[in-house]
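Heads up, the next two complexes both have chain A, just with different partners, chain B and then chain C.
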Partner chain A sequence: MTTLKNIFGGNLQQYTMVLALVLLAVTFNVISGGRMLTPSNLQNLISGNAYVLILAIGMVMVIVVGHIDLSVGSVAGFVGMVTAITTTQYGWPWWVGLLAGLLTGVVIGAWHGFWLAKIGIPGFITTLAGMMIFRGLVIWVSRSISVPVPSEFSVLGAGYLPEWGPAFTGMNNSTLLLGLLAAAWFVWTEIGRRRDATDLPVWITAVRIVLVLAVIGYLTFLFGTGRPGTSFPVPGLILVGLVIVYHVLTQRTPFGRHIYAVGGNKAAAALSGVNTGRVYFLVMLNMSFLAAVAGILFVGRATAAGPSDGTMWELDAIAAVFIGGAAVSGGIGTVTGSMIGGLVMAVLNNGLMLMGVGQDQTQVIKGLVLLAAVAFDVLNKQQGRPSLLGHLMRSAGRDAGPAPAATAPAATASAAATDAAVTSVPVSAGPVDAADTLPPRSS
Partner chain B sequence: MKTRVTALLSTLLAASLALSGCGGGREATTTTETTAGTTASAEGFASDATIGVALPWLGTQNWKEAEVMFTEQLTEAGYQPLVQAADNKVPQQQQQIEAMIEQGAKAIVVGAVDGTQLGSVLETAKGAGVTIIAYDRLIENTDAVDGVVQFGSLRTGQLQGQSLLDGLAERKGDGPYTIELFGGGPADANAPNFFTGAMEVLQPKIDDGTLVVVSGQTEFTQVATPDWDNAKAQARMDSLLSGFYSGTPIDGVLSPNDGIGRAILTSAKQAGQELPVVTGLDAENESIVSIAAGEQYSTVAKPTQDLVAKTIELIDAAQQGEELPAPDETVDNGATEVGIYQLDPIVVTLDNAREVFADDPDRLQYLS
Partner chain C sequence: MVDEDVLLDMRGITKVFPGVRALDGVSIRVRRGDIHAICGENGAGKSTLMKVLSGVYPHGTFDGTIVLDGEPVAFTGIKSSEARGIVIIHQELALIPELSVAENIFLGSEVTAGLLIDVKLARRRAAALLERVGLRVDPDVPVKQLGVGQQQLVEIAKALSKDVRLLILDEPTSALNETDSANLLGLLRGLKGHGVTSIMISHKLNEIAAIADAVTVIRDGRTVETYDVVAGQVDEDRIIRAMVGRSIENRYPTRTPHVAGPLLEVGDWTVEHPTIPGRLVVDHASFHINRGEVVGFAGLMGAGRTELARSIFGRSYGTYLGGEMRLEGEPIEAPTVASAIRHGLAYLTEDRKTLGLNLLDDIQTTIVSANLRDIVRGGLLDRRREAEVADGYRRDLRIKSASAKVGVSTLSGGNQQKAVLAKWMYPGPQVLILDEPTRGIDIGAKYEIYKLIHALADQGKGIVLISSELPELLGICNRLYTICEGRITGEVAAADADQESLMRLMTTTSTTRATQASA
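Presenting the complex of A and B:
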């Protein structure tokens, strides 16, 4: 069991969802007769869900600080409409409209941040008001009529990377390059890990590298060998860029630690010198900025901004975050986890569509999955009771030595954040294992 | 940190922009692919091919009927039907259409949630050689549409307007009459057309004083009902009645469909008004009951059966590899001239309901 944990990075719990995702995709692929894991279907899956995943990046940060943002759908819809109106009706160049849209998002975020951080109105109320205000404004400024956007936007929302270079590769070379970059980056970090933890057997690193390279290779192959002219989609690239930036921001920077500290225990964080108001303000600002990005990508794909764009998107984003392992009480949750949560929902939705299951039944199934995923998480973390995975590990790995000091991966770091912030110890210092040494939550 | 994040972001953006400037690679083959797409209809497809039907939702009776009829009649014709409804959500519908392409659909019938927001998805379908038929609602701003099957929406509006005038003359004695106007959901391209058609008939009567719109709300944007939501229509009617009709009776209301019509009648009843003459659309069961009871004055039937039959006729033509039959008219959808296959709707009142539904036992039973 310890061996398995070493291979998977010492945190099996986070990988339960990854495993569920893979199983889901493979199962649907079999049931639908191989229609799930095809280049075009994966391309659709990414372009069609990039907007929800981008919203989930911001939403997980809002949820970690202990609030919620109900306005993201309306904000995304409003920004999309602003972009469409400035470019199509005022005739501004597309990139000016794009910047205007992003700026609108930042201003809206500052508005929400002001009411939350300075006036002290809970995020739920602030953004409920925002939800109404910006939905009203979309309908107002659009006069309830859809407005088309310039074709440049469809590159952002549904476009593909260019074909270039030699044709003998038989695939889209942009995608191939991306795959190679991802593979190189992974190998490089693995070698870096070995330098930190020298007692790790060589073969474990080797197995990890082989496994991950196989996955990267397979995905590169799938995305790269679609119809000529298609590739890993542009919205997917934007999403990956944002995920990397925000993963680093939340896990490796003081600001990231402040987010977890404030969410875990606001009073303790404030006493240890964290400016909580600033954290709240920036998190809300950032959420609306990402909502703006999502809104613009969506209108790009739809080729027009409509008065009802964004309806209920907040709930899709919130569902992704909770399936991804965030806690309602704040302090716990990661960007990567939320991405996996969002992808589970997306694959489920897509797979059921490929099977021809109706929207009614799909809704029921998605609701049950949300409940099951969160219940699994809650049971796992319940106070004073050994977790499901803890049980498994104890019985299977009784003779195994103590877990090696692998760097605490993403999801577990959050659990330690509360204590870490108070004692000013860097988050990644302790070897924390979510599965069996999670401290009982005192709430 | 901020600067590092911005630097990273701008590098990514710059890189993607730089990449999009390059050429080469597998591009040579793309041209054959697209030409194959456009000529695909000329070659036809297998007689047991998969046919996708993407409907906006199942919240009104006509869409539910369309779902059932498409499933049955496509199966009868030997095709494999794939009928899905999108719960009125644009992203959902986009993904459903993409899933249909994945499942190898040779023709896709699209009842759009929002006819302007399917551009890139339908272009993908076109690229895959799929025949696209817009069902009941126009698809705008894309050339990836082969034809539109619908009941003339201007004509529908004209019939509604005329029926309102007839009803007022029949039930409310001599004019002038007080009326209010309601429009449909603004995201539906048909809704403004219904209203325009109705106003072609009503505007002259408003100008000569026969009709008085007491609230003065005569613009489509003022009278529109977001999402065709009956509750929103009822709320608007409530405030109109309390704001403008506390002392005066209201004689008639132009309603764009049956659900909204019944909401208007409910509102009028609750306000203690004598029932106004109310029009409708779709011949929903409940409205037939209401017409039989002498409450709702009229509805406009757009028999789903006719629409489905016409659509399948077009699919058959595409299957054989024939040119689609000549359309009744063409309309500029913002990107191209689209052929419209127009069907004529029927006004239903208490007087003619029995003959109109003679072949429709489902509806006939509500008249007894």
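Presenting the complex of A and C:
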């Protein structure tokens, strides 16, 4: 047991969700007669879900600060349409259209951020309005007609990496290079880890490296040996890049700390010198920026922008984040966790499709899975045990996994706080209301 | 033995919270038709006692018996105590601002005709109740349009609607101005004439003196004294002595202060309540802190200590109306918390769990949270440095935990407080404002925190200590300010002060205010 723990980074739970994902994929592969784990199916799965996963990156940050963004589908659709219209109808170069789309996303994000951070309208309302406004605008500016986009966009949305180098490798060399980079990075971090924990037996590090390299190798092989001309898809690469950037941003920068601080206890964060309004503003800004990226990738893959693009995407993104262990009350959730949550949904979708299950039943099953995943989480917390998913996600993100109770649900924590307040000071000098903290009305 | 005269007899009430004995065999007898005052310092157990009485802490969660009208009662909740005519009015009013006066009065016991609310009847009854409390407002007006004093009267009207026999008021006048207070006291006297018995918790001795028929003093969860008084002829000094008269053991470390020049000077600081325009929570307060000095702020609940401290700390409370701040003689502006921290101010909140900690954090992230700049290398947080810093403080402050990566929610109160102290020591502040730093923590941890305070002062920092425990202030501080109703009412050297003189200064309201010599 201890040995297993050591191999799995001192925490078996940390890998439970990943394990669930792998099991799900293998099960579907068996049921569908080997059609799940094929190069073309995996390539499609990544290309076809990259946009939802990109939305989930932004959404987890919004949810961690304690809000929600319902507008992302409409914003993605609107930005896709802006890109299509500026390039196809106005004849702007494709890259100018791309920048115009991204800029549109940023402006929309600033709009949402303004209402949330400056005026104090909850994100739910602000973005519910945004959902209506931008859905309406898509239909308005497109006159309900699909608009094609230049072919350059299809590289972004569904393209493959170039073929080059020697043929004896038997696979797409770009994919092979990515696999090698991933392997090298993992080995390097493992060695760095040994520097911090010198008493770790060498063979444990070795077993870890072998296991993970086997997985990386298998995936590299699958992605690299598809039809000639295919590889790990470009949208997948964009997604991986964004995940790395946002993982670092949320876990390793002061701004990331501030996001968790504001979500965990806004009043305490404010009294620690965090500008909470600025955090809200930037998180909303970023969300719409990522929605713009998602929208552009989608129209690239679809080769045209349609008036109903992005409908219900917000719900898929939100589901991914919650399956990935985020807490509705804020303060808990990670980018990597949300990616796993999103992949669970994607694999489920894909596997059910391969099995010939209809869209109607797929919806029912996805709904039940969401409920089950979160219920499992909630029940775990209620029984005073560390939340499996929450713990996994938080630990996976902040690799210094805090002690179990650190992830106790906020509800319990605040209940405990109330109890303790009663306990320690029956006649407390009424604490200055937390709500009074912000915004400071003085100037 | 049943005494005809006694309405309520609480005997040997003991209420234990994990780690704290809030009430330890308290007994109180209230005669029918009396106004019975309960006095005691913050934390003495008054509110806990009233929560026991009103069923907030139901029967079975405490020891002792409650006898009402000569028979033992076992309340299971507020509803069951209300059914027996006991109504409590909490310090923080429990009215719904958006609902009308009539709707508030009958909230929870709506006047109905069949399934529907009988609006007309409710309005008529509400009008009659308002008449009884002497409040002339339209019952259809939303409560949010009323002043605090009027809202208090609505609460009493609500109590009357429940056929109240025993009215409990927890600090009823703490939020009221002089006129409203006088009104309220008059009303209580009137209700007494109609057979309503009242229990009044109050810090304001002049009010107790004016209307009480009996006084019970509670200290450290025990009944110290209980005796009858004649309204208008109350010996306030006797109450004060009973309130503070605990024996002082050797609970405080000794220190020879090396006080240098002035560090922080605050002049004419004035702050308005964040939601009640016109109400000054800090009223032209002026004070100064020297280097190497521990300066105490003594004041009763709601006196404005915390409000003053938080307003100084980046104006994080209320609306700043005026006043200046100087740090080492230089005027400074600190309109945000971030700028206050940059100027070398630190504020440790009295409310650790709701304002001081993110309970999802671990010790490590808590300690660095107010000074992330110091662990950033090339834009990224340096985790190794973070761990080093945290481990250093964990060792120095003796935070008892398996490692610095343990969640703060798992720590005891004392260790949590040390973590928060470390958080505020790490930015290297010049002035540390410590608001009730030893609240709710055990004696041993208290002693360690006292020593820490002294060590910080010895490093030449200025320490502001806000505390409700007078012995603590006298034991730790070099100099003391008293504050009452947002005003600084006195400044004394700790060596020259005793609890009684402090309590007198702390209760110097605007009416009783004599010309105070401000040394």
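Rule of thumb we're sticking to: the second predicted complex is superposed on the first by the 378 of 443 C-alpha atoms of A that agree within 3 Å, B and C clash if a C-alpha of one lies under 4 Å from a C-alpha of the other, contacts with A are read in each partner's own complex, and residues count from 1 in each chain.
Keep this in mind: a residue touches a chain if its C-beta (ideal position, glycine included) is under 8 Å from a C-beta of that chain, and two chains touch if they have at least 3 such contacts.
Model, not experiment: these values are computed from the prediction.
Participant: Would you check which partner chain A:S154 touches, where first means chain B only, second means chain C only, and both and neither mean what they say?
Facilitator: first
Participant: Touching A:Q359 in the superposition: chain B (first), chain C (second), both, neither?
Facilitator: first
Participant: Applying the document's definition of touch, where does A:R227 land relative to chain B and chain C: first, second, both, or neither?
Facilitator: first
Participant: Touch test for A:A269: chain B only (first), chain C only (second), both, or neither?
Facilitator: After superposing on A, A:A269 lies in contact with chain C but is clear of chain B.
Participant: Regarding the shared-chain residue A:P201, is it in contact with chain B (first), chain C (second), both, or neither?
Facilitator: Once the two structures are laid over each other on A, A:P201 reaches no partner at all.
Participant: Taking the superposition on A as described, I'd like to know which of chain B and chain C A:I332 touches: first, second, both or neither.
Facilitator: second
Participant: Which partner does A:R257 contact after superposing on A: first (chain B), second (chain C), both, neither?
Facilitator: second
Participant: Counting only touches as set out at the top, which of chain B and chain C does A:T303 meet: first, second, both, neither?
Facilitator: A:T303: touches chain B, not chain C.
Participant: Looking at chain A, which of its residues have contacts with both chain B and chain C?
Facilitator: Chain A residues touching both partners: 248, 253-254.
Participant: Can you list the chain C residues touching chain A in their complex?
Facilitator: Residues 17-20, 22, 40-48, 91-92, 274-275, 300-302, 305-307, 310, 313-320, 335-338, 340-341, 347, 349-351, 353-362, 364-365, 369-370, 372-373, 376, 379-381, 383-384, 387, 402, 405-410, 413, 423, 436, 439-441, 468.
Participant: Considering only the defined contacts, which chain A positions touch chain C in the complex?
Facilitator: Contact set of chain A toward chain C: 196, 248, 252-254, 256-257, 260-261, 264-265, 267-275, 331-332, 400-408, 410, 413-414, 416-417, 419-434, 436-437, 440-443.
Participant: Quick one: which bits of chain B touch chain A in the complex? Just the residue numbers, please.
Facilitator: By the definition above, chain B touches chain A via 1, 5, 8-9, 12, 16, 19-30, 33, 58, 82, 84-92, 94-96, 98-99, 101-103, 114, 116-121, 124, 127-128, 140-142, 186-187, 221, 224, 226-227, 334.
Participant: Would you pull the chain A residues touching chain B in the complex into a rising list?
Facilitator: Listed in rising order, the residues are 32, 35, 38, 40-41, 44, 48, 51, 139, 143-146, 148, 154-155, 157-159, 161-167, 171-174, 227-229, 234, 237-238, 241, 244-245, 248-249, 253-255, 298, 300-304, 306-309, 311-312, 349-350, 353-354, 356, 358-360, 363.
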